[in-house]
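Letters are used for the chains, namely A, B and C, taken in the order the chains are written, and counting of residues starts over at 1 for each.
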Amino acid sequence: MESVTPILEFKKTCVSYTKQTMAVKYVSAAIERNTITAIMGPSGCGKSTLLRAVNLMHNLYQNIRVDGGILLNGENILAMEPIDVRRRVGMVFQRPAPFPTMSIYDNVLSGFTLNGIKLSKAEKDVTVERCLRSVTLWDEVKDVLNKKGTFLSGGQQQRLCIARALAMKPDVLLMDEPTSALDPIATKHIEELLLELQKEVTILIVTHNMGQARRISSKSMFMYLGELVEYGDTEAMFSKPSDERTKAYLTGKMG
Amino acid sequence: MTTFKIKNRLAKDKLMLWSVCVLAAFTAVPLLAILGEVLLRGYDQLSWSFFTEPTPTAYKAMKAIEAGEPIPGGIANGIIGTMIMLGMAVIVAVPVGILCGAFLAENSKNRFAQVVSYLTDLLQGTPSVIIGIITYIWIVVPMKGYSAIAGSVALCIMMLPLIIRSTEETLKILPASLKEAGLALGGNKARVMLKVQLPAAFGGIFTGVLLAISRVIGETAPLMFTALGCSLIRFSIDKPISAVPLLIWEFFNDPNLQELIWGASLFLLLFVLTLNLLSKYLAKKWNQ
Amino acid sequence: MNDKIYRVILFIAALIVPTVCGGVIYALVTDAYDAFEYFGFFKFLTSSEWSYTEGAEQYGALPFITGTLMTTLLALVFCIPFSLPVALFVGEYFKGTKIAAVLSTVTDLLAGIPSIIYGLWGFYTLRPIIMALDISEQGSGILTASLVLAIMIIPYAASLSAEFIKMVPNDLKEGAYSLGATRAEVIRKVVFPVAGSGIFSSYVLAIGRALGETMTVTMLIGNTNNIPDSITSTGNSMASIIANQFGEADGLRLSSLIAIGLILFLITAAINMVGKIMIKRARIS
């Protein structure tokens, strides 16, 4: 048996907004490479807060403290430069928000422009096509690449945002309820896409939709009041939750 | 990407933060410099007689300077003139402005109201010197002379758009339920406006009026062609009259009176800035 | 009081605004007419003569139009490096904090200082500095006037720009941060492009204010009636020539001054209208 460093590992990770209250309490878990891990839990349980700790989003705001460790390929990201971490850990948000002043083409490349990386025209073309193909948007938009991203439908915009994150070739992709603002058809589309994408990137997805977690994830976390209650194979958790609280949540007895 | 490049970008980020802070803080320099200069040069001129006596003639001032004495007299004529003209302007501009603001708030979709709204902006953006010319043509020429009336008309025209806007905006942000509740209780629109909406909007309108006063009280150019100025304390409204900013302008142009500039400026500045801060404070307090 | 009377009263009150505006335009046009008729509209605009020797009166607006444009544009140039940082400070870096409120109060107070006091400060403090630095001999001139004018318009440009910078959605900023951008990069590549049209329009309105500023310019520009040949030379703006000569003028000269007033009114109105329309558009999008 060989020991592999997990791509991402939480080690007693804590996040606190004020001195008294902790939003995330001592979460420890190792995330396997090329899997989709769903984080579930009632609203306010700290699942988004945990997710946002992974790409140091909390550093943007004063008074939020992250303690413990979060290891990316064995390196503690809390000791790294945020801009370096964020380039290696992509993020997709709840509401699709392509940059309104940029074309579809430029939106895909926005990670490079924002980081001040210059690409040749050929490199740009290749990247745009690769990323848009991997989010299955290429055929829909290949003739309107110079239009503003905001002209697309909600589902298309969200796929554009995924493409934008993928362009940076991240190790991990964080998704914060990426389909909660979308209609069922667009949601299905994104779910199929994620199943494809796990071949190239490890995905950590926060969702309040149990069906979604079950459909796409191989591993699941259940969080409650800031604690990681249960973490394991999705199928096992849904069929035989080991904790009463998980059971209550999965059977709809808890918000 | 190399660590060098990240360091470079972070350095740029820091540089930007610091330059923003330094340059932004720099805007406090002129404020402090102006306040400081006016205070230091003006405070020893402030005395009881400075507020109770009219401006000395240039001759008297010259004699005093020759004798090495402080210049006699003060700015009472200006203070009284400013108060008379401002008072008359407020009496007309406040009710008219409130009614007009109420009209705009009640008929915002109406074509005519949109025109009025646009013209209010136009009036607000009109340079004060042009308001002076207009009042000269309208009032001074037909009345065959400069007067306090003309000065107050100029101030009134400048206050109007400010009061209209603040009334309109305050009324518009009142919850619609307030008006509906009033109407549901059987009040007609006029009663609801008078008894419910305007009292609820009082805070916003009041601070708007304070702000309008602080804006026009220091206006000089429009008064130069309308009130003209006068070295006597006067209460008649059909004769030329002085005002504090007009006096400052006179002192600036008359080498014999230059010593009086700073006291007058200090008085005006403190008055305007106090009104300004007061209205900001009240707006904040009433908004909660 | 029934509804009908109430509506009539409101309507009459609202009529006062169009009446005043109509009266402004009517009075300016009729009283400027003599000058335009005597010299010809275009000749008046393009002539640089301003002499009131009796019998050979010659008036043209060009020196003053030039003076106004020079002071305004120069003021804008001096204003941007300070007003933009203030807007970023208040609207982005320290949004919603106490220190931002302090800075807003500072700029509010700057906006409240009467223009004649700015003029005094410029005359007694800034002018000697300009002379000491050997920038110009007499100290007053286009440059001195523009510097003070710049300070006067900082509050207007800054507070409006800050409003638009504040409105940039957090979603977009977080999106950019999540791609690894630094704050400076987010500001340059997301905040500025998104808030750009709003920021631009706030400078248009700041120009509108600078164009008609009277007392400060009158006290600092040097009051010479020729076309300024450099930024350190003296001149007159449209507003300052009116402030200087209106009281003593009559006949053709008075009409010419009113004609300059009309031109100033039209330019300011046009700039303000463009600014307001742009702001409305920027707010909607």
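Following the convention adopted for this analysis, a contact is a pair of C-beta atoms (placed from the backbone, for glycine too) under 8 Å apart; a residue touches a chain by one contact, two chains touch by 3 or more.
It should be emphasised that the depicted structure is a prediction, and the values quoted were computed from it without experimental measurement.
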| item | value |
| --- | --- |
| A-C or A-B - the one linked by more C-beta pairs in contact | A-C |
| Chain with minimal offset from the mean of all protein Cα atoms | C |
| Greatest separation from chain C - chain, by CA centre | A |
| Chain B and chain C: spacing of chain centres that average the CA atoms, whole Å | 17 |
| Separation of chain A from chain B, taking each centre as the mean of its C-alpha atoms, in whole Å | 55 |
| Interchain centroid distance [CA atoms averaged], chain A/chain C, Å | 49 |
| Multi-chain contact sites of chain B, meaning residues that touch two or more partners | 9-10 |
| Two or more partner chains touched - positions in chain C | 182, 185 |
| Residues within chain A bordering two or more other chains | 83-84, 87, 115-116 |
| List of chain B residues in touch with chain C within their complex | 9-10, 12-13, 15-17, 19-28, 30-31, 33-34, 37-38, 96, 99-100, 102-104, 106, 112-113, 115-116, 118-123, 125-130, 132-134, 136-138, 157, 160-161, 164, 188-191, 193, 214-215, 217-221, 224-225, 228, 245, 248-249, 252, 261, 265, 268-269, 272-273, 275-277, 280 |
| Chain C - residues contacting chain B, complex | 1-3, 5-7, 9-11, 13-14, 16-18, 20-21, 23-24, 27-28, 31, 81-83, 85-86, 88-90, 93, 103, 105-110, 112-121, 123-125, 151, 154, 158, 182-185, 187, 208-209, 211-215, 218-219, 239, 242-243, 246-247, 257-258, 261, 264-265, 268-269, 272-273, 276 |
| Interfacial residue positions of chain C with respect to chain A in the complex | 169, 171-172, 174-182, 185-186, 189-190, 193-194, 196 |
| In the complex, chain B residues that touch chain A | 1, 5-6, 9-10 |
| Of all residues in chain A, those that touch chain B in their complex | 81, 83-84, 87, 115-117 |
